[in-house]
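What follows is a set of structures for review.
Each of the next two complexes has subunit A plus one other chain: subunit B in the first, subunit C in the second.
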Partner chain A sequence: MTSASFPRQVAMLLWKDVRVELRAGELIYATLLFAIIIVLLFSFAFLGGAPPTVEVMAGVLWVALSLSGMLGISRSFEREREADTLRALLLAPVERSALYLSKLLSVSLLMLLLCAVVVPALCLLFGMQVGDAGAWGRLILLLTLGILGFAAVAALFGASLGRARVREVLLPLLVYPLVVPVLLAGARGTYAILYGTPESLDDAARWLKFLLVFDSLAVMGGLWLFEPLCATE
Partner chain B sequence: MATEAARQPGAATLQTVEVRGFYKDYGRQRAVADVSLTLRAGQLTALLGENGAGKSTLLGALATLIRPTRGQVLYDGTTAEAWSPLALRRCLGVLSHEPRCYTDLSARENLLFFGRLYGAFADGTALTAACAQKLTEVGLQRAADRPARTLSRGMLQRLAIARTLLPRPQLLLLDEPYTGLDRDGVALLSRLIAAERERGAIVVVISHDLDALGPLCDQVAVLLHGRLRAHAEFAPGTCDGPALLRLYQQASAAGAAAGAGKLRRAEPRP
Partner chain C sequence: MAMSTDPPALTKPAPLTTLWLLLAVTSVGMLLAPQLILRAPTEPTMGFVQRIFYFHVPCAWLAMLGALTCGVASALYLFKNSDKAEHVAVSAAELTVVFGLIAIVSGPLWARKAWGVWWQWDVRLTTTALLWIIFIAYLFARRYGGPGGRRLGAGLALFGAADVPMIYVSVSLWRTIHPKTSVVPTLDPGMRPAFWLSMVSLHVLFIVLMQLRVRLERARARYNALHLQAQDAGLIDD
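Entry: the complex of A and B
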């Protein structure tokens, strides 16, 4: 009897999450609807007034992503707890860090799917214009890095809150303060990309580098802390 | 003592588990006090006691999910920390009140997923065959491809049993395994537990179904208010439900006579 390799463990756990979600559809529909509602509410707020600036559009994008992303993350872990399958995974001979990485990736996939709806919704409702293919590439990279940073923090606390009674409240309380740098860099970077001048694109490159550093630290911290945070009672 | 090889992945050969002077406090509440017990390969130990006696806490400690406040749990003479975590977890099979199955996956997909995680089979073909066999053993062959959420409570329990036994664990920890099972299910589970014991697994069972558990027992430990109040070993085939009940009643009476009040407060720590 031998253990699967670490990448294979991550792949098995990730595939399980994807398969469960494809069957249930619970997280995808709930978070997508929630994200669309947020964008619609913001668009109603600007009805009849001056067209929203690119700063506002960037802010709406990241508010919609972070709120609906948190809903998805919270529900994703709650589903594991309801059937106590999280305990079964903690008892299985898999690296705890593989469990963390798989959750990080599944949450990131869900949030990237959100982007695929929220960004077109912003283009439609707010008249957001991203620009050429280069700008789209930068925006996709920025969103991916921002989502990875967000998910790296959320996945760490999502699993480790265990059976805490007020975990649904605790999760956002713990996660949001820690992801302020991601939201700030995401919103500022998005604004810089949408603005589209050479100076603002330099600015966007700086925010991209910042997110890269944040993600590296968050993922390393998550891999290091996940085992002790999920450890024995 | 366990050899170094036994502590490494690929060598799940657990022969004894010793609980030595085990205490567990939750804050100022003492759940278990001074329990010592030796569990051996090929033996079934029944943990009896009223609700809240500390049985599940002890089982959690054996499953490495609960850290002792004081005392030790030794796996082949070595603490869990000295083992490779994956090697030790590969030895464990834990069945609890909850089926711990993914309800959006089918029964077969659940087994395939957990079978792959445990890496207990040489290849996919062997795993697929083992899953099919296990589903047949627990009587779920007809429901194998139905989503688990459509299964009844008893069928889910059968699936949980199959999931637990599939990787052939060396330390089998069963917390109320008869929950939700019909009469046939109870008989089936008893047969499966007996087979695991014959195979050489260390089996620990918490159950209030003494008639089902009795004929399987080699050793009985009665916990009352967190303390071990009675302990008995039986020669193979000499135990039954009434014998367990007598032992439990004697332990309860002795506990009451000794004024064994509930363990309310933990001693102040230095």
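Entry: the complex of A and C
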């Protein structure tokens, strides 16, 4: 019954999300602005006293990312719901797993964009120094893996909110506890990378592996649960 | 929303005598346990406060058991659409929150004396706190989520159940300050009667509460079905 191959379905659905956003723009700009405001708030809250430690920077990075990411995610699913397009997508002849993967990727793309704002803001306001190209590479890998894990959980629950009441409150309430491992590994890993000694880099490698395991489990769980969770009673 | 089918028959309730019997067993156990706990030898390094152990370990264990039960029942609900399984899941989730709370309160009381701090971001403590919060979120989704909240909760419960093995192996995989699981099989012989009596009494209590809660949930489902039928028949308004 399906006309396009699986990767093509994912790509088409992803392209749809990107195109909607390119035309409307509301989500990207609002979320990016929100991310900058959070970093500013942190800098007002922390600066003035002792210079912030590397640990504080790592924490601010991940908290800013998860707060602004959640805002974008809940808004993007709310938009689908307002126009009832999620129902249309569920009726369309595409694999449910393709739908889930495309949502996962579009959420990840949004959050990667957020990183492109939050990381420079931290360098500027908190004096964060990442170091050489190797450190940047590690940081980008860590951020990507963390975002994938975050998005894997958020896309699953965001799409399944369906007819639930108090959606705006429910989504963060359901997603944050489940992504605590990501935040933990992300913040500890970032700290280890920024610290920059050989031992701490070993530590960072361990957190990268941890994230890889979490991501695989979260994506598998998402693929497995997407269909029953999206079903209506 | 017309209800054409008959309301679910009041499934054969567990005979009340069995429940009373179990309740009697757990009551006797709970009256006896403090005596045995007082008579158990005092642990030399931690002193009197170590006696929290007899209470803390069974409750933490039951919280994990509740989470696993809720996870399995939620999977049955999600994939087989079994309402009965959903009743079991919500009952187990509530018990996980209750027993988890006991473990999370008794733990810091003990830790304050043994480690000098109330809380330590140790892997076992973190994963246990996480389990507790996930099941609070489960109850929240079910209570306030309206239609669809049950499915969301079930999805959450599956992730929550996946946390249980993490809690169990956390002390062996990471260097933590929390005592290892191997404490129990290598327990001082003098401590064993008190520990196992607490373990059995609390397990029986768990079963009793679970039974009562599932009965309540079934009665509620039956009431709702009858209410809808009465509405369809025009017997009641609204």
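Just so we're on the same page, the second predicted complex is superposed on the first by the 230 of 233 C-alpha atoms of A that agree within 3 Å, B and C clash if a C-alpha of one lies under 4 Å from a C-alpha of the other, contacts with A are read in each partner's own complex, and residues count from 1 in each chain.
Methods note: contacts are C-beta pairs under 8 Å (C-beta built on N, C-alpha and C of every residue); 3 or more make two chains touch, one makes a residue touch a chain.
Bear in mind that the values here come from a model prediction, so they are computed numbers and not experimental data.
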First (subunit B), second (subunit C), both or neither touched by A:Arg75: neither
Touching partner for A:Arg206 - first (subunit B), second (subunit C), both, neither: neither
Touched partner set for A:Ala83, first subunit B, second subunit C, both or neither: first
Partner chain in contact with A:Leu173 - subunit B first, subunit C second, else both or neither: second
Contacts of A:Ala24 with subunit B and subunit C, given as first, second, both or neither: first
Subunit A positions touched by subunit B in one structure and by subunit C in the second: 231-233
Subunit C residues touching subunit A - in the complex, by the definition given at the top: 78-79, 126, 130, 133-134, 137, 140-141, 144-152, 154-156, 158-159, 162
Contact set on subunit B toward subunit A in their complex: 9-10, 12, 60, 63-67, 86-87, 89-90, 92, 94, 96, 98-105, 109, 113-114, 116-120, 147, 163, 167
Footprint of subunit C on subunit A - complex, ascending: 153, 156-157, 160-166, 169-170, 173-174, 177-178, 180, 184, 217, 221, 225, 228-229, 231-233
Of all residues in subunit A, those that touch subunit B in their complex: 1-4, 9, 12-13, 16, 19-20, 23-24, 83-85, 87-95, 231-233
